[in-house]
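Across the two complexes that follow, chain A remains constant while its partner is chain B and subsequently chain C.
Take a look at the complex of A and B:
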């Protein structure tokens, strides 16, 4: 079936900062189950909520009440120490697939589904994000927070992922 | 490898056992990692009391347990939807911690929070289920079938065995 040595990208999902699904595309027939559009929308919303919960669950983080004291404390050199920003779910592993989540500074989430054996998809993620900035954000007809319907993005993404999957 | 906390949820989605091994805050007299135990967090009668007697950074174990169950349950359903019914959610990782999940055939759910560098703890959770849960809780003649509110889970052998097992891993 699938060669274990090569990277297989199964699907890409993009969720906007409000938890709405704005892009969904699968690249591999044998990878993930096909769902109907409504299920994908529910899935995106659910993941958005879970992502917020996972950011709060950090066992080492002090409570927000205590944070005011740490935020104003000054470090060496009189610089203010800013507490580390909370980080939500980054990698999810299951028996059949692996999901990498990348959150941009503006809160857009990129979910890349790959083969479970694949360890490092940071580079692929980076490349997908580059394409998003180049062909979606620079498209004058694209409205923010709305579903991505950019022909150029579709084509470039398709050829890039096909190249990876056939390597 | 550092283990932060461990939770057991029964098939009624109730948290029947939880234990944390959180390091004490930069307390000079603290020394090593302090152990705090909070079993049956559904009994939230004295949450502040619990916080005052321990040096844990997080005060509300009960809320954490609920949040963890919510997250884990949603992710498990998501994984099964996408990966098929035979797929199983194994773990997730954030920049600060990693959560490991193991579900038995009887819908008992074991959850463990560790640091991010830890590899898969699936077999460890499986071992806890086989060697500790089945041996000391299921085979205990005095233990009820349903552990409502954590009844029958916190017995001496289980507590001791779990603590030794986890400390052996670190």
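Take a look at the complex of A and C:
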């Protein structure tokens, strides 16, 4: 069994706002274990829950209205700037794979599984998101929050990832 | 500070009908060539078109009707574009197209460049002797279909029916009544170069061919 070489994207999972799996695709057969559909659904739901929990696990409570606190609490005009809300789980690394989670402003989560040594995952993530906004969001036949069944998206994603994996 | 005071409503009651901007210039005062090189964001158009397709889809019961609706939406645009594009031509070539071939060349070159920034890919005459009135304009990648993936159960639908409507408007406006439909001929195989290839079939009415024949003789 061939080990995945460096710079490989292994799989992509897209989770909707409610935690349901709407897209699941593996790109490298030898990379990750094959699960059946039900397991992928459970995986997506579990991740959604974990993400929500980790978003709340913020031990540092920002102190409002305290003049001597750190500089970030008041801006140049004297207005109080709210510190950025903590995000949930973003990266999960293990010896065999690295998972990066990109949360969009609308609550859709993109999970990209790559080789641990892969560089520029942010760039890849961004391109995948661009393709999603183009070929899924602008498709009149796509219903929001439903599984993604767009031919153009599959094709463009496939050729992009194949280009990365075969470089 | 009240935004909707009584004074404002009184004046708007007197002013029924069209409102004119304060400097008195309407859209008819604008020079015609001003928007010649204007470009539109493809995303804006994609969202608008996507909504047009959904809107039509909610009101129809079949694919033919959906294509007909898109066709009807494009038709008035064709009528207006014919005049606009002929006006913008340099004075020497401003003649109305008088033959079928001239009209089709005008569509292939001028109309396509105005709408999509490039010419249509091919123009063919039907080689079938039973239908001498059919011509085909081939576009490898229609811009309006760039982001649309038609689901498998509707594979007969081609949203370029909208562009077919525009072409039909141009033909009707130039006194060459025709029926234009869009057909997808791109295959679904992996190695297909142009999966979205579309053929616009232009079928002229019989009186057009009669007139062509008379013109040819005279």
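Things to note:
Throughout what follows, the second predicted complex is superposed on the first by the 143 of 167 C-alpha atoms of A that agree within 3 Å, B and C clash if a C-alpha of one lies under 4 Å from a C-alpha of the other, contacts with A are read in each partner's own complex, and residues count from 1 in each chain.
Basically, a residue touches a chain if its C-beta (ideal position, glycine included) is under 8 Å from a C-beta of that chain, and two chains touch if they have at least 3 such contacts.
What you see is a predicted model, and the numbers here were worked out from it, not measured in a lab.
In the superposed model, A:123 lies in contact with neither chain B nor chain C. Once chain A of one complex is fitted onto chain A of the other, the partner contacts of A:113 are limited to chain B, with no touch recorded for chain C.
Once chain A of one complex is fitted onto chain A of the other, the partner contacts of A:146 are absent, as it touches neither chain B nor chain C. Contacts of A:135 after superposition: chain C is touched, whereas chain B is not reached.
In the superposed model, more residues of chain A are touched by B than by the other of chain B and chain C. When the shared chain is aligned, chain B comes close enough to touch A:33, but chain C does not.
In the superposition on chain A, contact is made by A:94 with chain B only, not with chain C. Once chain A of one complex is fitted onto chain A of the other, the partner contacts of A:53 are limited to chain B, with no touch recorded for chain C.
Those residues of chain B lying in contact with chain A across their complex are 4-5, 20, 22-23, 57-59, 64, 67-68, 70-71, 74-75, 77-79, 81-84, 86-97, 99, 113, 120.
Against chain A, the residues of chain C that register as touching in their complex are 43, 46-47, 49-51, 53-54, 57, 147-151, 154, 159, 195.
The part of chain A that touches chain C in the complex is made up of residues 134-135, 138-141, 149-153, 155.
Across the complex, chain A meets chain B through its residues 32-33, 35, 39, 43, 46-47, 49-50, 53-63, 84, 86-97, 113.
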